[in-house]
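Right after this note come the structures.
After this come two complexes, each holding chain A, first together with chain B and then together with chain C.
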Partner chain A sequence: MNAMLRETESAIVPLAVSGLVHCYEGSNALNGIDLALEPGSVLGLIGRNGAGKSTLIRAMLGLLEPLAGEARVFGEPALQLSDAAKARIAYVPQQPEALAWLTAQQMLDFVGRFYPRWDKAFVTNTLGRWRIQPNKLLAKLSPGERQRVDLIRALASQPELLVLDEPAAALDPVARRELLREVALRAGESGTTVLFSTHIVSDLERVASEVAFLHQGKLLMRCSVDETKERYARLWLPGKMSAAAPTQSLSRRRHDDGSLSLVVERDASGHWPEAASLPGARVDALGLEDLFVEIAE
Partner chain B sequence: MDASLLNIQPTASEPIYRQIVEQLRRLIAGGQLEHGELLPSVRDVAGFHAINPMTVSRAYGIAESEGLVERLRGKGMAVIAMRKAAQSESQRLALLEPQLQELARHAHELELPAAPVLRRLTKLLGE
Partner chain C sequence: MNLRTVILAPWRASKPAAQGMALLLLALAVLGAIAVGMYSSKPAWWVGPALIIGIGEGFLWAFVMSSTVLLAIDARQLLVPGIRCSVIVGLLLYGLLSVAVPTVVLSLFGEHPGATGAIITLFCIGGFAFALLPRYLGTVMCLMPAALNALPPGIRMPGPADPDFLHVAVLAVAALLLMLVVCWRRLLHAASPYTSGWTQPMVMQFRYAGRRAAWNPWTGFGGGIHGVDSTQRIRRRPSWLQPVADLRDCGPGHPVRSLRIALGGLFMPLTMTAHLRQFAFVIVPSLLFVVLMTLQGVHRHGVAALLTAWHDGGLIMLIWFGAFGSMMLAFFCIGQVWQLWQKPNAELPLLALLPGLDGSAQVKRDLLHAILLQPMRVLALLLLVLLMLTASLHLSARASLFVLLGQLGSIGFMVAFTLTIIGGRPLGPWATGALAIFGCILINVSLFVPTLSDPGQMKLGGGTLPDLFVVGWVVLAVALPWLGRRGWRGLMQRPHPFLPN
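Moving on, here comes the complex of A and B:
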């Protein structure tokens, strides 16, 4: 019975937006975004500072009203979420500010009462491992400590949808690895759907099943992490051969010496564009970070 | 086998699932993994390296379809080792393919014709 219930639940897309547009003081923050997350997927959102990552996340969760477009969470309109839907979500903003007059322990005890699956043991263990003094006021914690407390809150509620805005910023490498492990195992075993934004691309390469590049308010690319590595590469052509460059490419950069760098894609039968086999041409495999730098510049 | 035996480089341009399959191939071909030895569970590998369990499952699935390992009910994945002699020449040659392609690419960039490269290689191989 329980398994059946879960199955009907999971048929509903946890997070979906279409045609999202939003502006801040005249500058376009979001410029027509369509995005949906499959249940159990881990989507990493990459983008430069100011690309609109936080705005997109907030609009997806109904925390801000976009100028145009629609956001749905578990099938419900994001701006009018039921309490039942809210109990299935955990969101950690970049700078948590709520309940600052409580101590970490008080806040976690208080919030825990609202969640049916609250994991108290996890709270106690993780507070110790992440070196948080439970009796210190939240307002007195450093921004990093404050975000760590919020991450503990989010994970302890055992959400079906976990949304993290730049979680890596607050954590040292050891704690970061621990967070990634939690995220990966929960997605793989409990089917938790995860959306997280980051500019630390290697974190995303570890745990994300998919990646979305956000650039100047637009989604430049959205595909699986493995696919980005297998399907795209950088083609370098010396200056005298630039006429042979393929017309179709994701990005095109001319260097000072006249040579060209292009991000190219394999065709349906797995071949690189013809120019790649010319003498003097070079095809470089790209990691995710290189790919991002190439297309975001 | 312990999950720490695998070396995962998330930033490499080779996808993680391929890194795992490639390392299993080598460990088995090199005899470090013996016939019947159990692979660590998907959870152990994912947990140890903080990677997505689906990536590990994908790698194990490919290893299974290549006949490197077999799924034992209730136990997990077990190595099917082939002694080196039992592997055909083409199977062993396939293990060198990435290095050969790299060599060919370098020779191409240096605009070296095939003949002197092959002469040198033959000498290195001691034939």
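Moving on, here comes the complex of A and C:
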């Protein structure tokens, strides 16, 4: 019976949204997003500034009320989470500003009292390792230090779902590496599900198992990081053949000489669109960064 | 450099809100000066109008003209040529106009152009110096007039109508000008001129004015007088003045106290030492002011007369001060709540995801307790003190009623606006502003006019004034419960209360 319960529990999707719609002052921030995270996966959310990444993350965790759609965390409505569900989540916002009037140590002591699995030893060790003065007020820390303290806060609660909004934005390269190592370790050893948004494609390649492209409030694509090179490519067609271009593509750009560039996807049987075999057509493999630029431009 | 650039320099350098406030005060000062000039029958009638216009212009120089130093600093940092020169010529031009125009107008009536010009020059330069001197010296400057008046008769400074005034004023103007030049140069050539704090000039605070979010009447109350947020405020405060949170008895078993810690500012439980420090910070300058005023009274009228005056006037001022303080406390609470519910990356996401704050309905009640309970206790205590003071002064029942209404109005404001903010149903900025100004005027006038009307018997003034008050209070008595109900319903409908507005 207990084994069955555990199985059912583990089968519950940590984070799932369907039909999410939200707008700010008339402009659409989220346009019908459907997304679910498998337990233990590391999903990197990538998109340009203003693509809606932070809004999506906040709606997913019930930190804002979307205009339409539903978000669920561990099977519960995100806007009405139980204490048990909350204890399994950790979230670090883009520019943490909370509790600026407390020292780093006070904030961690205060927050730690609410989490049943709070790891005090991790807090002490990491504060020392990251050279953060525990008795300094949070308001007086640099943005990078502040972000690191918030990361310690998130990781010390030993979450099953870790959500990070641009976690590396204010970190130096060394701190960024350490963070990514920690995230990979948590995902690999403890099976923590991780969702993180970023602009830094190399970070995605280093730790993410999956990547999702968000553009103008829409989820344009989602696939595993290893799969992207195989599955997507740039198809270049000379101007005289542009009429043969496939109707389905992730992006379409016409050049000054009339030629056409498209980001295309292999079909279910693993073939490129027919136009790729036309004389003069060219298929270029795309790295993750090139793919992002092609789609987002 | 052309004349247009020179004229526009101060207006481009300062914020529209500061300009509006300063110009409004100047306009009110001019009207006040005209009124005083028309109705004064004293031989030195010109002193009143000159002082009033001086105060108005002092504000203009403190809050608008001083911002030109920011423009000069930016120009120097960005290596933009010509702007510094335009700024200095502009200041000289406005300085000349500020002194010459009122002096000439007052001189048309044939009275002491030299002394009038000196008074106005002192206020303009004083206002400018207030903004450019380090903040602690600016505070000392505000106490200077009272301190000078408190000197014993043997070494008293000459008043504006005294024959020696002009000599002293010229010396003071020269000293202030010298100080301004030193400050100006120091600021312009500082290695990092944009730092702010108690040792930095007040003008550096103006850089942050209204930088966050759109205008809202609570911006100033939530973020200090210049609309800066809590992080910036803490960063600028010296270490000895930082509030230290008392983290005892917090955690999931103590939701209200935990929420108070998380809300910070006025709501946060402090350690005893922090309480004493904060208390001293408010009390010491107030006591200093009272001591100076007492000394001034003793020198002028003697101890017995001072005691009588204190009983007649001092207690009335205390009543007004207490009631005004209550209103400010209520407005600061609303301002802080407003600011907290504006920031999506601060305390709200942390609280929304913090386990242990069980059940949303209970959390909503705990949150209301955390926000309202402490300020309500202070307001209730103040109400008790005020009622005791009104009783000791044998104020009429109606005057006591207005004191009571004033306190209830402050409490009503705090409860209603807090509910609308955390309930996600805040009024628009203009409606909020209109209601806040209306309430502010009503509470103050209700307190002030009855006590002023007949200081001996403390009866209300006659005529239609009380009827107007009654209408005003009825409007407030309808508006605040309506707002509160609207906020309460919004709060109950929200899935959880930590959703930003």
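One rule holds for everything that comes next: the second predicted complex is superposed on the first by the 264 of 297 C-alpha atoms of A that agree within 3 Å, B and C clash if a C-alpha of one lies under 4 Å from a C-alpha of the other, contacts with A are read in each partner's own complex, and residues count from 1 in each chain.
We take it that a residue touches a chain if its C-beta (ideal position, glycine included) is under 8 Å from a C-beta of that chain, and two chains touch if they have at least 3 such contacts.
The structure displayed is predicted, hence computed values, not measured ones.
Chemist: Superposed on chain A, are chain B and chain C clashing or fitting side by side?
Modeler: Here the two partners, once superposed via chain A, fit next to each other without clashing.
Chemist: Which partner does A:187 contact after superposing on A: first (chain B), second (chain C), both, neither?
Modeler: First partner only.
Chemist: For A:208, using the defined touch cut-off, is the partner it touches chain B, chain C, both, or neither? Pick first, second, both or neither.
Modeler: first
Chemist: In the superposed arrangement, does A:101 touch chain B (first), chain C (second), both or neither?
Modeler: After superposing on A, A:101 lies in contact with chain C but is clear of chain B.
Chemist: Pick one for A:231: touches chain B only (first), chain C only (second), both, or neither.
Modeler: In the superposed model, A:231 contacts neither chain B nor chain C.
Chemist: Could you tell me if A:289 is touching chain B, chain C, both of them or neither one (first, second, both, neither)?
Modeler: first
Chemist: So, does A:64 touch the first partner chain B, the second partner chain C, both, or neither?
Modeler: A:64 contacts chain C only, not chain B.
Chemist: So after the superposition, what angle do chain B and chain C open up at chain A's Cα centre, nearest 10 degrees?
Modeler: 150
Chemist: State whether chain B or chain C is in contact with more residues of chain A in the superposed arrangement.
Modeler: It is C that touches the greater number of chain A residues.
Chemist: Between chain B and chain C, report the minimum C-alpha distance in the superposition, expressed in whole angstrom.
Modeler: 27 Å.
Chemist: Which parts of chain A are in contact with chain B and also with chain C?
Modeler: none
Chemist: What part of chain A is in contact with chain B in the complex they form?
Modeler: That would be residues 42, 177-178, 180-181, 184-185, 187-189, 201-202, 205-209, 225-226, 229-230, 279, 282, 285-290 of chain A.
Chemist: Note which residues of chain A are touching chain C in the complex, please.
Modeler: My answer: residues 58, 61-65, 77, 79-81, 83-84, 86-87, 89-91, 93-102, 106, 109-111, 113-116, 137, 139-140.
Chemist: How about chain B: which of its residues touch chain A in the complex?
Modeler: 10-18, 42-43, 46-47, 49-55, 108-109, 111
Chemist: Over in the complex, which chain C residues touch chain A? Could you list them?
Modeler: 229-232, 234-235, 242-243, 245, 247, 250-252, 258, 261-262, 264-265, 268, 343-350, 352-358, 360, 494-496, 498-500
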